[in-house]
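Only one structure is covered here, and it is reproduced in the block below.
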Amino acid sequence: MITGLGTVGAYGCGGDSLRRALAAPDPSAFLAPLLSDVDRTAGYHRAGGARRALLTRGVSLAEWLAPGEARRMSPPSKLAVAAARMALVCAGFADRRCDREETAVAISTAFGPSSYSEALLKQILFEGPEATSPFLFTESVANAPAAQIAILCRARGPSMTISQREAGALQALGQGAADVASGRAPRALAGAVDEMTPLLHSLLDRFGALARPLEDVEEAQPFDRHRRGFVAAEGATVLLLESAASAAERGARLLGRVLAWGSAFDATAPQAGWGTGHERLARSLRRGLERSGVDRGTIDLIVSGASGSRGGDRLEALMLRDVFAGSTLPPVLAPKRLLGEYGGGFLGAAVLAAAGAPMPSALPASFEADPELGIVPDPPLSGPPSTVLVTSLAAGGAASWLLLGAPGAAP
Amino acid sequence: MSEALAVPNRIKRLIVESLHLEGIRPEMIEDEAPLFGEGLGLDSVDALELVVALEKEFGIKIKSQELGREVFSSVSSLSQFIEGRT
Amino acid sequence: MSGLGAVSGLGWGVEALWEGLRSGRTAIRPFERFDHSLHRTHLAAEAPEEPAGERGGRLSVADRFALFAATEAVRQAGLPLPLDTLEAGVWFGSSTGGMFESEEFFRRYVADRRHAHLGDLASQQVNGPGDAVARHLGVTGPVQTISSACSSGALALGAALDAVRSGAVDVAVAGGSDSLCRLTYAGFNSLRSVDEEPCLPFRSGRAGMSFGEGAAVLVLEPLERVLARGATPLAELAGAGSACDAHHMTAPDPAGSGAAAALEAALRDAGLPADAIDFVNAHATGTPLNDAAEHRALARVFGARAETMPIVLTKAILGHLLGTAGAIEAVATVLCLLHRELHPAPVRERAKAEENAADTEEQDEITANLVLGRPRPLPDAHAAVSTSLAFGGSNAALVFARWEPA
């Protein structure tokens, strides 16, 4: 059971800020001003390339982190701890700590603490190894956010940091769910975090991954015929998971249920891109659903990880169509259109969708469906869903999926 | 030598800056106050960070064997150590 | 386990690994992967040049290690490639991924964008080696890279075990790969936790860790499948457990509680009592604090036996492979069980014993039965434990059992 949601992104702090962003009558208009100019003073960026990203620059974490405890933390650690605390408070733990020490932690990060790693490399390469800052080093490891959550939220159970690019967030949630379901841990804090630095942004742009400005507009257009890449984002989303029995005992409010999870790989993918193996991926997904005893007919909503990437959206669309071949494809949401890629905004949106929160239901007038893919995302929904399939495909080949159930129904 | 350039004051400034001690001004640190454990409550990673900052500031090299408790116990003891090396 | 593969400072391949481990000679020596003249220390267990290295393309050193080890392991298991006719998955641990190559890229990119080649970055991330293995083997099942510092490899093996047990996959290719790089070398040195000489785990006068690099891969399958194929099971991964210290970002809980919890969880998972364990492959990095805390954890779990049961110290020979340590030490543990022989750590005189003793006045004497000097036959070795401890992060323990035909 998901009983707590904490999230930080360009949209602000807390599940409510994300909820408001997604429920806004015109979410694009709501979120567009939150696109910040990435600092290009270091000169990493190429001319004509993407210049903006959904950053947390304007978001204050003061309510969630005391200055003393945060003084050595890297940006992702701060975001992750803040989100973890929000999730705990949301779940009813006002003291922001786990009530059960053996709580597990499962965090995904695509790039780790980039700004600290970059600063560290600069010291080592340009000032010399003896100028290396211990602060930067200890907080530059990928598992720093998970470690900080463990220390500050008192979660001393199994702890894992997954680094599997865009597929990692769902894998982390699956891992947390597995920790609880297996009895290894009574609770789990699971989620994703990433920070978007100017250097990283410039490299993503040079790899052709980001949507370049067209008439000064940079936007992600998932499933659109003219999509040209994704919009980069940063932030953190952490969920608190616990067993149904434990949630009932505590009288906790349920946000949703994690019914099944799984992951597969497309070996046709190049190192930093998407491949063409949608049939194989679909087969793995179908097998996973069967093993979990789920009939695809019960799925009434899909939250896809389509981000506006040419290859990625194509692969995901063809995979989904294949999974539902011979029946109707449920409505497909593409939250990365508004929330960007990286940082866990997508994960937060998926949970809110399963909880029945209002979701974006209008596309820009300019939207033109890609005929090969045949998906028009973000249609108006007729009501809260009962079973949601969440999918996310990573550059490099990994793919992950999750089935979320509505909170209301009995397990 | 001006006050600001006196070794203890330079050390205090380094402590505040390199260890990101927000809300603390260098003048607030007493010469004899304990730095680690109690007092400012700094830990081993802070000590190592401070060492890197001290090495840069004073142009000295501090060997691992010299990183004992006594040298780092207060600004005074650090100051004596550094003046002995420069 | 049906297949093993490894690359280390002792060479490419499991045979080179076992021969070197048995010899008791350390592989930690001056290295050439990058210029270390300005670093505080100058030693590492560097992998030698790749024999017949023909893998072109944008593969990092860590990728190459991983591909070699994975190919070796899958070949030993007798599995046909590509693996897409089976449900196969890859679980990998890494701390560095393609960081070594990225460092050069970064130096050039920061100086002048035009002189840096994006291709050097293609496998930059920590999931580079795991993904490269998945692509090469044609895997279609779950692929996951875990980056939890020094327990990554062990956690990857634990995750693989879960997947095999649950039937999610028929075959799990699990392990890790890490290469030496300036970032980790300078980083650990900035913490002053690196020994200037080859590390002396668990012994007095120990002054820090040593670095190593390489890859290790283990192929895990349900026993029935291995037998049905007519292949020989090498050993059993009987259990895995993990728990967090949550004490401090770089210092272990002195009481070793997180490590003890991980060990107990692993034993429970394996369904074995502590008494069933015949030897321990300790994490044993050689840092004063880690070794003391770990020994206390062993005492909590094994009681008085902690002082008498044999302890194998792989890092004294291979150095610390960071994220890959748990995987390569798993291979070392399996080899010890297979050959019924515990590999030794070198017996070494500490040249600067007195100097270091003054500095480490609080260093605890560790009373333990360390395997030193020569290989120690252990004909009745049936079960062993391997520990991987990462301070603020996760502690992991794996239980291995010898496989005997019924």
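For clarity, chains are labelled A, B and C in written order, and residue numbers in each chain start from 1.
Going forward, a residue touches a chain if its C-beta (ideal position, glycine included) is under 8 Å from a C-beta of that chain, and two chains touch if they have at least 3 such contacts.
Keep in mind the model is a prediction, meaning the values are calculated, not measured.
Asks: Max contacts between which two chains?
Replies: Top of the contact-pair ranking: A-C.
Asks: Compute the centre of every chain as the mean of its C-alpha atoms, then state which one is farthest from the centre of chain A.
Replies: If we average the C-alpha coordinates per chain, B ends up farthest from chain A.
Asks: Cα centroid separation between chain A and chain B, in whole Å?
Replies: Centre-to-centre distance between chain A and chain B: 42 Å.
Asks: On a C-alpha centroid basis, what's the spacing between chain B and chain C, in Å?
Replies: 38
Asks: Between chain A and chain C, tell me the centre distance in angstrom, where each centre is the average of that chain's C-alpha atoms.
Replies: 30
Asks: Spell out, as numbers or ranges, the residues of chain B touching 2 or more other chains.
Replies: 45, 48, 52
Asks: Could you check chain C for residues that touch two or more other chains and list them?
Replies: Counting only residues that touch two or more other chains, chain C contributes 190-191, 248-250.
Asks: Do you know which chain A residues sit against two or more other chains?
Replies: 72, 130, 132-134, 138
Asks: Looking at the complex, which residues from chain C come into contact with chain B?
Replies: Spelled out, the residues of chain C in touch with chain B are 190-192, 248-251, 355-356, 358-359.
Asks: If you look only at chain B, which of its residues touch chain A in the complex?
Replies: So the residues of chain B touching chain A come out as 19-23, 45, 48-49, 52, 55-56, 61.
Asks: Spell out the residues on chain A that touch chain C in their complex, using ranges where they run on.
Replies: Touching chain C from chain A are residues 42-44, 46, 72, 102, 105, 109-112, 117-118, 120-126, 128-130, 132-134, 137-144, 146-148, 150-151, 154-165, 171, 175, 178, 182, 184, 199, 203, 206-207, 262-267, 269, 271-272, 277, 280, 283-284, 287, 291, 396-398.
Asks: Which positions of chain C touch chain A when the two form their complex?
Replies: Those in contact with chain A are residues 38-40, 58, 82, 84, 87, 89-90, 95, 103, 106-107, 109-110, 113, 118, 121-123, 125-128, 131-132, 134-135, 137-149, 155, 159, 162, 167-168, 182-183, 185-191, 241-250, 258, 261, 265, 390-394.
Asks: Touching residues of chain B toward chain C in the complex: what are they?
Replies: Checking each residue of chain B against chain C gives 43-45, 48, 52, 64-65, 67-68.
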